[in-house]
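Heads up, the next two complexes both have chain A, just with different partners, chain B and then chain C.
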Partner chain A sequence: MTWRPRLAEGTAPALLFLLLLLIGLAIVGPAYSEPAGYLALLKRAAPLMILAIGQYLVIVSGGFDLSVGALVTAGVVIAARLIDGNNSATAWVIPLVLGFGLLVGLVNGLITTKLLVPSFIVTLGMLLVLDGATFLWTGGAPRGALSEGFRMFGRGSADVPVLGAVPWSVLILLAILVAAVLFMRGGTGRALVAVGDNEATVRLAGGQVDRLRLLAFTLSGLLAAVAAILLGGFAGVSAQVGNGLEFRAITAVVLGGVLLGGGRGSVVAAAAGALSLEALFTLLNLLGVSGALKSAVQGVIIIVAVAYASLGGGVRQRLRLWPKPRDSVRSAQPASS
Partner chain B sequence: MSTLQENTVPATSRATPPAARRRLHPTAIVYLALVALLVVGSVLVGLRGEVLLDQTGILNILTRATALGLVAIGQTMVILTGSLDLSVAYLVGLTSLIAAETMAGQDGMVLPGVLLALAVAAGVGLVNGLVITVLKAHAFIATLGVALILRGYLEDNYTGPAGDVPRAFQHLGYDRIGPIPVAALLMLAVAALCWWYLKRTRPGYHMYAVGGDIEVARLSGVRTRRTIVTAHVLCSVAAGLAGIYLASRLGSGAPYVGTEAGYDLESIAAVVLGGTLLAGGRGGIAGTIGGVLILATLDTIFDALEVNPFFKDVVRGVVLVTAVALYARRMAANRAHGRLS
Partner chain C sequence: MTTGTTTSVRLTGISKSFLGVPVLRGVDLQLRGGEVHAVMGENGAGKSTLLKVLAGVHRPDSGRIEVDGGEVSFAGPSDAQRAGIAIIHQEFTLLPHRSVAENVYLGREPVRRMQVDQRRMEADTRELLDWLGEDGIDPTVPVSSLSVAQRQVVEIVKALSTDARVLGMDEPTAALADHEVELLYDLVRRLRERGIAILYVSHRMREVFDLSDRITVLKDGQLVTCAPTSELTSEDLVRHMVGRDLGEYYPDRAAPDDLGPVRLALRGAGNARVRDLNLEVRAGEIVGLAGLQGSGRSAVARAVFGVEPFTRGAMEVDGAAHRVTRPRTAVRLGIALVTEDRKGDGLALRQSVRDNALLVRRAALRGARSRAKSDVSALLDKVTVVARGEHQEVRFLSGGNQQKVVLAKWLAVEPMVLLVDEPTRGIDVGAKRAVHELLRDLAKRGVAVLMISSELPELIGMSDRILVMHDGALAGELPAGASEGAVMALATGHGIGDVA
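Moving on, here comes the complex of A and B:
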């Protein structure tokens, strides 16, 4: 009678890869011989992991969310402008930023599901709109400043009994991760994966496909707003804070063995992929790889990871470049031409 | 499938007479939109007492359209095949550097410079294609990975512009016949060539077949891998041409000339704006050129109106999503009537 942890398909290789990187860190960096070093790593990785969890929800249901990077920038810039160093404003600005993320996700989801526009295009359009609108509103450069109360979530630590001081961002991350795992193991989560696997089947089985995908986009927007709050606190106000984060989040999710096109992969693996990416950057730093070559190494690794997953991972899959909705009545792409 | 489809169509919509629902070819719509945009733009610019489509205006639109047009032509072939290429932006920078550094200011080295740049571009395309077909990596990740590798190389070796283009070669970027730049004509010639390839040759048809349904294409005897690799090589060569053109215009190679203009996502936007399905199998070069001209015209109009540059992005995003939503509606409506466009 041995108890084995229930791991979703594809989680084990992602966790193994992460473990290898962490061992590598422990060997190379003296700071990583004690828990504090790993806690710092986790704190650094928390925003990306949260973004990856949101991105996972969209990808597993068969979509893309390219707007999260722009959304993070917008969140930070909006918060800085509204708070403007005034601590008392923090209390209403945080819900406002979260609401904004929710709204952007909702719009993404509505355009994707109701107007039948591929999510790649919708979120690309949203990226352009958000980037433009944010800087139109602030007049070219971010203004204002964040308050201490706002920055606490990204920088500060909370005193937890037994463990001592744990960064707020790690606590928030853990809460979100647990919630995401519970969500994905519930009926709605399973239905979401099913939508990514075969939309028509879910629809014929009576599933609310549109509502599920809408939910995924909305949650992704909300989680991007959470990441914005953490990043704003951690890194401060900058117009570049969200640059390229959408690609990094997608990379992280794919590194976790999640199949682009949907239907396969676990949320824990996606989060582990994000942590791996951050650990990889740290490791490359410690090894003294020049900053310029870092992206090249990153490029090689994601190609190898994806090739491994689709060739050696034993996952039977066709060469499926894009999710093709098989439902001929509602889908934007006809299969019969 | 078609019977099932027929049964789900409500009787009321089936009753609409076909003549009333006759629709224009998608490409025609793109060009009608372009004409409408030019008219509206001319009126708006005219209200300020200026002329949009004078010599400078036309020159402006065509110059903007040349580099993006070349990249978008390549991107069209890749997207038609059901793939996509995110590495073109860095490739444009890389090829501009290779061309300019090989030429090194000597007239005799122009041809070797151009050939070397195109060869490297073809090599990168080959890698993209092979990673997708042999390693079976999703095109998004494969080309993103290659883009990161190119970026690493560029960042490691260059900090700014390098190389020197001989004066004779700069004629390519600046010569014009009347208001029309020679380079724009060359871009249109490349477009015509690719149009012919896609619509009139067997490998071109195979691209549509693979993009439409890769499984059906494979079972019909199409060499799907070869088709995808060919599309990627052609796409990269087109991006290489854009890099060479930009080197000729700038007088040297610039590592980030492609990424600063955002040619990766911008070219995808132009292709989709031109009516090509992102999922592949449908669309074409003519629409893409229309999409590129629309984007270039928008930019020129905004410049003439002195609109805040950030506003451009907002409009561009809205135009993109609206256009694709309209295409999707048309397609859904067409299919509801059991007709294929």
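Moving on, here comes the complex of A and C:
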């Protein structure tokens, strides 16, 4: 048998779309004729890709996390206020921000699984609570400043042997992506996808459905905190830094061919979806399309991607009528005894 | 609709391929008013495609469809409906919270003064119900208050209300309890008397012999035979369907020295649905659990497995008392449950064969992780799953292969007590046999098997002993090879005194 890359359904179009965009960039933008341009793109896209990975975990298990944008804002604002320009505070503020994200995710997950409130509502509520709390705390204008040490992760580079200077954010992204791929290949990751497909089946298989869901929300919160650290460093302190990121992350995941409602899709494709989205915005920018169209473009993408997925479902329905495959890898004979 | 003219539908040389794969090859079929024509065949033989061609869902690539002698061509289901052809699907399409009449006239409500004419709708529905002889159903009650069999009647009335004179029924008894099946038989006979032509697709041999006037057998999309029912025997049919002799035989039963220690024991166990259960299942034996739908047979399995736990009495696994209050505990004690609803809670349909086979192992066991590549293929070989590969999604498999994946999922954790609920429901003859052999093989290896089945021949053919339930309690025990009559007597509540 010839080797064929095994891709989850919906992954191939997502990767193809990304490839087309990257080629488009190379044609339109002179900066993209060399690797440095793409590295800059990757650096810009890293926070969204990390958010998309977190969002993927929640969506594939059958939920939504709308709180991540507000969580990013809260993370940046809290960090700025606590650090207040004092570099030595960085060392304890970073774990604190990560812990805060973890906690918010945990609360989202606990309310969803124990109180049986749909995650769409729980995280929408969390979005409003975080937004309100951030506004109350800052009075509308964030105070304080981030330290150099904190901002290094979002805008600095590390010297990597052979490759030279690689942005910290890209290294962090790669580490998270590799961890996510390994996680999704493992038993827990596969069980998480199965929960999104059929919860009852997993429960009757002896699985702990609530714990798996809780894990997804907690990781989403944690990854949102990581994204906050990168974005704070990259873009600086503002009360708008996380605005709309939850929807952008969902768009990215859907663009990656992940099924809304759960049960199908790959984490790599979700991350590729985020990179595609960033590449698309860059391309439109280079083509002179107004930045104001950003959200309209995003809206169209999310509708088209979901429509494509359901259309694909129709095609698959028809394929289902195929007779039982005879050219099988296994013998069709009943067990001999 | 109540006119006495006999309708006839004739399909000639129907062929249909999907993406180059032929599913039907030159099939002929004739339906006459007042005749029940059964279509049989293994899964994938082309039965449902044929039904869909008749219903206008699929357009045949070649062949003629004639209704009452005139050639027709259906662009869609509504064309077929206009020609008087309606299909009753396995899954019902009724809205549970609407009334019977509202369901019957859904989308075609009679209007009076710009409002739905509720009274006329109900009167017309009542008239149809009376015509069918089903006056026990009130057109004004919500469908959710009806039994499954009554819902089926409503589906049929709905079809008749569109002036259907040809009814296609796809596995109509699959969703029915035993006593409801008789009601359906009566209904089908009444439809026949009233001049309706019926295409009856079924797996169940007995049903087909009881009801049909004529039988068509399909195999691999081709017509094997079409003959009056009176000229066929069940052996003929099986041979035609599978292309080999495959009678109603079952694997050999356990010999006395095959039996090992008691693996599962219930001592006065009960909950809201079952009571006073005392039973033992030994290593090496298959114990059949019979009973009518609602008698509590599935509730026993669900209670043992911790889905709806026992609240009274004791349960012992391998001689030690355990309280099992959730499936996870049961799985870790070595108990497995193959549920009756394969698609609903047995499989994660969008996941691969491999992921489903490993689900229990990954979900319930700690540290077992995914280190088992070779194991999985050995496992799938053992249960003889036919798939394009381990990575094919299970929803694309036939019912029989899906059921084998469910079994593989449990074999992966080597259970000691196996509870199987309707292990061969809706699967073809070949797969059925494979499942039977697998169950016996597991018993031989020391697994205690408790098998629930509403198919009496299967239950009697497979079991080393039969426990019969009635109304939430055990009504008695019968030895291997007991007669169907003896089982039914206990199940219906007769003869409890004689046996217990």
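Note that in this section the second predicted complex is superposed on the first by the 303 of 337 C-alpha atoms of A that agree within 3 Å, B and C clash if a C-alpha of one lies under 4 Å from a C-alpha of the other, contacts with A are read in each partner's own complex, and residues count from 1 in each chain.
Here is the rule we go by: a contact is a pair of C-beta atoms (placed from the backbone, for glycine too) under 8 Å apart; a residue touches a chain by one contact, two chains touch by 3 or more.
On a predicted model such as this, the values are computed, not experimentally measured, just so you know.
Once the two structures are superposed, chain B and chain C can be ranked by residues of chain A touched, with B on top. Look at A:Leu136: by the touch rule set out above, it reaches chain B but stays clear of chain C. Applying the stated contact rule after C-alpha superposition, one finds that A:Gln208 touches chain C and leaves chain B untouched. Of the two partner chains, chain C is the only one that A:Arg185 touches; chain B does not reach it. Of the two partner chains placed around the shared chain by superposition, chain B is the only one that A:Pro118 touches, whereas chain C remains out of contact.
Applying the stated contact rule after C-alpha superposition, one finds that A:Val193 touches chain C and leaves chain B untouched. Within the superposed three-chain model, A:Leu293 lies in touch with chain B and out of touch with chain C [touch as defined at top]. In the superposition on chain A, chain A positions 259, 318-322, 324, 328-330, 332-335, 337 are in contact with chain B in one complex as well as with chain C in the other. Within the complex formed with chain A, the chain B residues making contact are 1-2, 4-5, 8, 82-83, 131-133, 135-142, 144-149, 151-153, 155-156, 212-215, 224, 265, 268-269, 272, 277-282, 308, 310-318, 320-321, 324-325, 328-329, 331-332, 335-336, 340.
The touching residues of chain A, when paired with chain C in their complex, are 6, 9, 185-188, 190-191, 193-194, 197-198, 200-208, 259, 263-264, 318-325, 327-335, 337.
Chain C meets chain A in the complex at residues 18-19, 21, 23, 43-44, 46, 48-49, 220-221, 251, 305, 307, 327-328, 330-332, 337, 339, 344-351, 355-356, 358-365, 368-370, 380-389, 391, 393, 395-398, 401, 409, 430, 433-434, 437-438, 441. Across the interface of their complex, chain B is touched by residues 64, 111, 115-118, 120-122, 124-129, 131-136, 140, 247, 250-251, 254, 259-261, 290-300, 302-303, 306-307, 310-311, 317-322, 324, 328-330, 332-337 of chain A.
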